[in-house]
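Naming follows writing order (A, B and C), and every chain is counted from residue 1.
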């Protein structure tokens, strides 16, 4: 056996052993000096391309998953009943396509205040996470998708979201108030119980991270 | 793809996804009519013979297992992940929100004495660390979150923790039952006096380390 | 679990987008009536506008905002007959659309600094298209092959040192929830303390007794309320407590009260017990 094949086997074993995606950095750290993790991953992915189990990428992580085309014949052992409310689906889509996005922006896009049981449910499912604060007055918290989101929906990266390029090109992924003319007055006037911080509108949008 | 290869893929996926070794009879039952389970298993076993993962037989049952020679190198962990106790999660949350905080303060905030091992558990998990001593009589040790905390919970900075207002807005904090007793006032109120932003930072702080 | 919460909207979001659209914009005549009955299913005024816009059966970029405004105003009028408690944001939208409609119909010279009616209409059209896009991709998102449904992870993971196994399985949600629960638990104490700055009858009695000596003949009781302190509730409690305190003093025969011009007229007060001066 060549040394390279030994590395491949090791990587295969690590990925196979874990049910959750493993970060490429962690994989590289486990390999002996001189091993090229990226090349090995590519080779492994090709080897499994046609099999019943595929090596898939989830952001910067990798995992083995059963092939999608076998879905109909692999009856779920325990049917997961994750039926989301319409509001939760909309909010999840807004977070996924507009991330990082503040709560006020989500409300601006939907034209209505967020009710309880929307953000917390998505957070509990491990699909969204807080990601930095907007550098605007009030420093509102921003939300983004979490690792669990990519894995649950079988996406390699955020770029693989349905229609994401078309939406970007059409300018519809602008979370800022369409104009001061209307703003989110409707949201504001709704009052308690959800308070909206001032300065959330993010006109001088300036993300905390690159 | 030949029909036989299709059967092989299905069997591969079933064995991969199963939480227990699968009986040969059950495998045969899940394969379409005319599939020869025994022959397929033999073929699959040969395919994986040299890989990092092998198909192994346990009595009449079959399962994928990490190759023995690698399993030795990747010595199995003795400890399985456990769930943190409710009290420990709460102490972790209080350290995160009130850091740097002394043991006495944690007890004061929770209104109950800390049981012995709680801080040790969090320390062992790499989620908290000692951070200097308070410049008060007795110079008590202060606790803060460690890098492992941010890492584990997917946060970029401690600032990513939602403040009280944001907890409320995300639906995690619902103080209404308590507020009912005092009508509108309590609802409008921004809640408990616990200070998140300024906590005890600054004044008495006396860090022993950089 | 993520289940539940969807109960009130009555729409199954996991259905393919096609069927969702069908339900939202049926070309039938009964659509208007159904909108009324389904009010609880709407996610705010913008969502209503979107459903109404679909009734026009044209591309959203070519929608008639004037007609949409009419549709919405008619909708709100209809709904108000049955739902008197229609949420404020629906009414705010109605007011805004009525304003927009008047601007669109009567092209008066536009003030320089204000947006033109057309710009306002464009803003609305943009918001509708943006919301529609999010609803569409949301429906597509939940139609993607999902883990545990269409594909599966390793069923029997093996604990090996190569993968990072945290000592404890705790999610961010658990930590935040623990803190939130802790706040709720401890907030009860706080609220008890906070209530103390409302005016009690005792407070009002003490204050009135102190002021009794300065009362001229038949002065208006309301003038002797403590100065308002910003909080509406505090002011109200002061008013209620002062009223009860005045009744109490009247019962003790120390003052007499009079309200001559009927309900809601000023209540006047006069000191009876001259010897009670301090």
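Methods note: a contact is a pair of C-beta atoms (placed from the backbone, for glycine too) under 8 Å apart; a residue touches a chain by one contact, two chains touch by 3 or more.
These figures come from a predicted structure and were not determined experimentally.
Farthest chain from chain A, judged by C-alpha centroids: C. When each chain is reduced to the mean of its CA atoms, the one lying nearest the mean of all protein CA atoms is A.
A separation of 36 Å divides the Cα centre of chain B from that of chain C. Centre to centre, using the average C-alpha position, chain A and chain C are separated by 30 Å.
The distance from the centre of chain A to the centre of chain B, with each centre set as the mean of the Cα atoms, comes to 18 Å. Contact of a single residue of chain A with at least two other chains is seen at positions 10, 13-14, 16-17, 64, 66-67, 74, 77, 117-118, 120-121, 123, 129-130.
Residue positions of chain C touching 2 or more other chains: 152-155, 158-160, 162, 171-172, 176-177. Partner chain A is touched in their complex by these residues of chain B: 1, 8-14, 16-19, 30, 50-53, 64, 66-67, 70-71, 73-74, 154-157, 159-163, 165-166, 168-172, 174, 176, 187-188.
Chain A meets chain C in the complex at residues 10, 13-14, 16-20, 22, 26, 30, 63-68, 71, 74, 76-90, 92-94, 96-97, 109-113, 117-118, 120-121, 123-126, 129-130, 151-155, 161-163, 167, 170, 172, 174, 178-182, 185-187, 189-191. Chain contact summary for the complex, chain C toward chain B: residues 152-156, 158-162, 165-172, 174-184, 186-188, 190-191, 194-195, 198, 231, 233.
The part of chain A that touches chain B in the complex is made up of residues 1, 8-14, 16-17, 50-53, 64, 66-67, 70, 73-74, 77, 103, 114-121, 123, 129-133, 139-141, 146-147, 192-197, 208-209.
Against chain A, the residues of chain C that register as touching in their complex are 1-7, 9, 11-14, 41, 43-47, 87-89, 92-93, 96, 114-115, 119-120, 123-124, 126-127, 129-131, 133-142, 144-155, 157-160, 162-164, 171-173, 176-177.
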